[in-house]
Amino acid sequence: MSLEITEPTPVIISEERQVSDTRRELVLNMGPQHPSTHGVLRVRLTLEGETITGCDPVIGYLHRGVEKLGESKRYAQFVPWTDRTDYVAAPSNNLGYVLTVEKLLGIEAPERAQYWRMIMAELARLASHLVWLGTHALDIGALSMSLYCFREREMILDIFEKFCGARLTTNMMEIGGFSRPIPPDLPDMIRDFLAVFPKRQREYEDMLSANPIWLARTRGVGVIEPDVAINYGLTGACLRGSGVNYDVRKAQPYLFYDRVDFEVPLGTHGDVYDRYLVRMEEMRQSLKIIQQCLDQVPTDGPLKLAESNYVIPPHDTVLTTAEDMQRHFIWVIKGFSPPKGEVYLAIEHSKGELGHYIVSDGSPIPYRLRIRTPDFVNLQSLPYMAEGAMLADVVALIGTIDIVLGSVDR
Amino acid sequence: MSDERQIAAMPRPEPWRDTGYWGPTDPDAHPAVRAIREQFPDAYIDAYSFRDEMTVRVERPRYRDVIQFLRDHPDLQYTMLSDETAVDMLRLRDDPRFDVVAQLYSLRRRQRLRVKTGVNDGELVPSLVPVFAAAGWLEREIYDMFGIVFEGHPDLRRILLPEDWDEGHPLRKDYPLRGYREYVQPGFEAPAPRVRSRLRRP
Amino acid sequence: MSAEVLVFDILGAIAVLAAAGVVLARNPVHSALALVVSFVNVAAIYVILRAEFLAAAQIIVYTGAILVLVLFVIMLVDPDNLPEFHGGRPVQRLLALILGLALLGEVMAAILTRTIVGQPGPWSPQAVAAVGGNTQALGRVLYSGYVLPIQVTAVLLLAATIGALVLARPDTPRVRALVRDTATISLAHPRGSEMANGVEPALPALAAGQLKLEAGERTLVMAKSGDDFLDQPVWGERHQS
Amino acid sequence: MNWAAFLSNYIFAFIVLNVMLGLMAYMTYFERKVLAAMQDRVGPKRTGPFGLLQPIADGIKLLAKEDIVPKNADRLVFLVAPLLSFVLAPLSAAVIPFGGTVTVFGQEVNLYVADINVAVLYVLALGGMGVYGIILGGYASANRYSLLGALRSAAQVISYEIVLGLSLVGVFILSGTLSLVQILEAQQQPLSFGGVQVPNWYILSQPLGFVLFLIAAVAETNRAPFDLPEAESELIGGFHTEYSGFRFSFFFLAEYINMIAVSLLAATLFLGGTDGPIADGVWWLAAKAALFLFFYIWLRTTLPRFRYDQLMGLAWKVLLPLALINIALTGLIRLWGLGLL
């Protein structure tokens, strides 16, 4: 009954190079179909016995040419594409793009909309950190962590679904604010989540933080000194894990992060365990931010800067007033043409600094749209950390950088 | 317009004007611009600001020296290279075809700065890798997407596109959106069939 | 021909054939497998002789440990630089044949003329049963009459292990070349800048409230505003308050 | 030859083997259900009432799967390796005493398959031979990396087998015998400390030995925190990567039988097998073995994996010295007890 396969399909391609007469180097391919590379990442490792001597990440398997597409779509049409880059924290991507366009146009969303944007961005940070924790622990062996984390993430996705109808590709933010009203029972739903989550997070910490095997697998692994981290341009928890205080929400506050009181955790050793502690603390700080936003958000007031010509008029007045109908018609057919100029704005995405650089030539279509994604730059430090590490540590290192291949490859 | 909208908190006039995240908006008052002017008089071309951002344009040969200077100057200290990218200025101007743009960020002074330099097709740009290790992949992506060669880069090869991509560099303005020809995956004869669905325009 | 003798003959035959297989097999791993088969048969013969401890020891020590290590070597070493089994110059082969035949002749002579007959030792089956089985008997003899040989072999094995450890030690642990020297930055951080004057700047003042003790003897430093610790990252053990 | 005794013994052995195979099948189901319960989900529920037919469904699936033999594999060895580890696994249940002697239809039947006076050594020998299934499986797949994975798990099993053996020496010193039946009898006489009736289970007098045995047993069966060679199969491809279909299930099920066998052994050696407060019987043994199986699954859900060097370091630098200390202490106490000190 056993069929012999004619020619062996090379799942693992390896060459053995003779380095010197006594030592022989093994080149090993990990990926691109690999359970613990968080998507289609291929890592070419050169091994000498057990330790890694060279590591070359190969990316581009999920490259969809997002920037080229950006140069053929109008400003408002590009928003759905932003939540396809980092599909784990879509609202943050929307926010990054929309804020940059608003800076280009020189307009600002009304106060109520900005508060709701902050709430949604922080919820996206929580969702992204939960996916990170689940897959990171699963790679190192703690099976049930991913189940617990996704159980909590489910509650956040329900909130997104009630707010904008979609769980993953939310496409919720628009230039100028929100066009749909806020569902009345959404704040209570978020408050229930805020009440439940701290207890659940203590469960994660009981399982991992003091677990000797987890400590053995993460402490002292993948150490990055602060100046090396700065030099590699790392941002987010990878940088703060090494003790450098750079959080865009504190360094260059956008929206109303200056009105909200929260703290930025900094690690002292810059290894996998410190980045784990930093991200866990970030989750707690996000809860604090959401709580304060819910208290401070005005319950009524406009959700959209309706009077600006750059913004699509609200649905209700389009059907009733002739002037709005005409503005709506022009906006949809011709789009709006922003002033000439170039703009770069960075926000604190869950993985680091997400920056958008838009060059506008005055036409309704952006001339150049550059997305600076944090995990593309953070992934550069993998060879630095992997050199001299053990083979089993590569899985932990990929987990600690927290990459999503959609935003690495764009 | 309905009155409910009038009473909306009127947005601050010129909201993005006075954040101070990029330093003073007047080029002459900006410390970095003044330092570059006196340090590199020949390399400095001009500096202009838009919204609250400050951009400095420098000559191509002195690109790396200016950025090294900005990084090591004790009271400028632009210690982090946030992003490095390129813009194909084919339709905006004709002389130098590309613009290589570096977004710098000073951790110490919490301010950003943008340094631009014009590059023609085929000219060499001094690579930033000796100054910032972050530039490694950023420049590989610029080479992959625009074909700009960086001199001094340790291993400049394609990063996002497959190694055997022989159709030039996609982000150039003269590169068609769908590419010159269908991409045939190695090991296959015909390209992947394109699904012609009735709903979409032919 | 009682059942025991019949079984003994079968096991003996398989053991001899397997032993022959060890020599004749082309693939070294197959010869190792043949050796496993012969060891197991010898163990079975011990069981027939009511020497269960020897049988268990034979399997645990020989097949379970020594032969596994032999297999390790055979599998890890590349087949092409394994010593050539069937090579050897003609002179060696002739000499080997002669010596082999001589040995065979002696053994056959001894067996056929029954000149070698073991003298029954003090341990008759009844004495063994009285003590409670051959394991107990072996234990008594081993640790009464033969204590010295045991200590000597123990020391010998210890020396062998230490020798193996020294041989297998990796030559020199490589220190990771820090990338810093090529791209140092001058964030006024002692290890960042070239430490021109060799003096490490003072530690940043840390308000007590800012330290957050975590599990695994680690502390997280909580920065209140964007300006804290900007000239000096919180790094290293110095913050164990 | 007393044919009646032989026949009854044979029937009992047949029953034990089938019970072991049945338990093995439903062990997979038990594991998936408990794993699911611990992870806040439900586990197999579709196949049959409460998912009880899941093991049969898995078996049929594996049977139907294509059985691929790699082209340049060493065919004979490739086919034999899984059989070797699958056959050796249930044999160690032969020495486990499931009870005293029972008269059925007037025929004396002792509830153990065989009472060898070197029973524990026999189990260790089987463990030693089980390694060959792994090594040959890795070698025969002709895939350089499943060979490396196989050699790693072989090295792990050998190191922990030594710790396993030494951790039991304490029990041998106390019970004075290697035969499980006599060890069970020794544990059945309750000790009395000042009127308090304490069962003489060896877990009470050999706590360190018990812990060492447990850790070594988990590592010996390549389970839970010690499953690195298999888990690292994501990188290297553990020894059973090239196997598919029913041949793979031999390896997969051998692991479960090993777990059951070791749990029975642990229950007999340390928790006084069939000895229980109210009525002695095989149900006590089953309960204690189930306790150990639950412990296996509990480990698997909570603990992350060791790294390979930590795993080997633990065996040689921590567990082995502890085992030797345990032997020395037990020996001294024994001598002091006999007054020979």
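Order of writing sets the chain letters: A, B, C and D. Residues in each chain are counted from 1.
Methods note: a residue touches a chain if its C-beta (ideal position, glycine included) is under 8 Å from a C-beta of that chain, and two chains touch if they have at least 3 such contacts.
These numbers come from a predicted model, not from an experiment.
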Next on the checklist: Measuring from CA centroids, which chain ends up nearest the centre of the complete protein set?
Outcome noted: A
Next on the checklist: Comparing the two chain pairs, does C-D have more C-beta contacts than A-B, or is it the other way round?
Outcome noted: A-B
Item to check | For chain B paired with chain D, centre-to-centre distance based on mean C-alpha positions, whole Å | outcome: 62
Checklist entry - Taking each chain's centre as its mean C-alpha position, how far apart are chain A and chain B in Å? => result 21
Item to check | Cα-centroid distance, chain C relative to chain D, in whole angstrom | outcome: 22
Item to check | Centroid distance [mean C-alpha coordinates] between chain C and chain A, Å | outcome: 48
Checklist entry - Counting only residues that touch at least 2 other chains, which ones in chain C make the list? => result 179, 183, 185, 187, 226, 230
Checklist entry - Which chain A residues reach two or more other chains? => result 228, 230-231, 244, 251-252, 384
Item to check | Contacts with 2+ other chains: residues of chain D | outcome: none
Next on the checklist: If we use the touch criterion from the header, which chain pairs count as touching?
Outcome noted: A-B, A-C, A-D, B-C, C-D
Item to check | chain B residues within the chain C interface of the complex | outcome: 71-72, 74, 77, 79, 107-108, 110, 129-133
Item to check | chain C to chain D touching residues, read off their complex | outcome: 27, 29-30, 33, 36, 40, 52-53, 55-57, 59-60, 63-65, 68, 71-72, 75-76, 132-133, 135
Checklist outcome for this item: Per the touch rule, the chain A residues reaching chain C in their complex are 49, 205, 209-210, 215, 219, 225-228, 230-231, 242-245, 247, 250-253, 263-270, 273-274, 277-278, 281, 384, 387-388
Item to check | chain D partner contacts - residues on chain A that touch it in the complex | outcome: 1-8, 11-12, 14, 28, 30, 34-36, 50, 137, 140-144, 147-148, 151, 207-208, 211, 213-214, 216-217, 390-395
Checklist entry - Any idea which chain D residues touch chain A in the complex? => result 35, 38-41, 66-72, 143-145, 225, 228, 231-232, 234-237, 245, 300-310
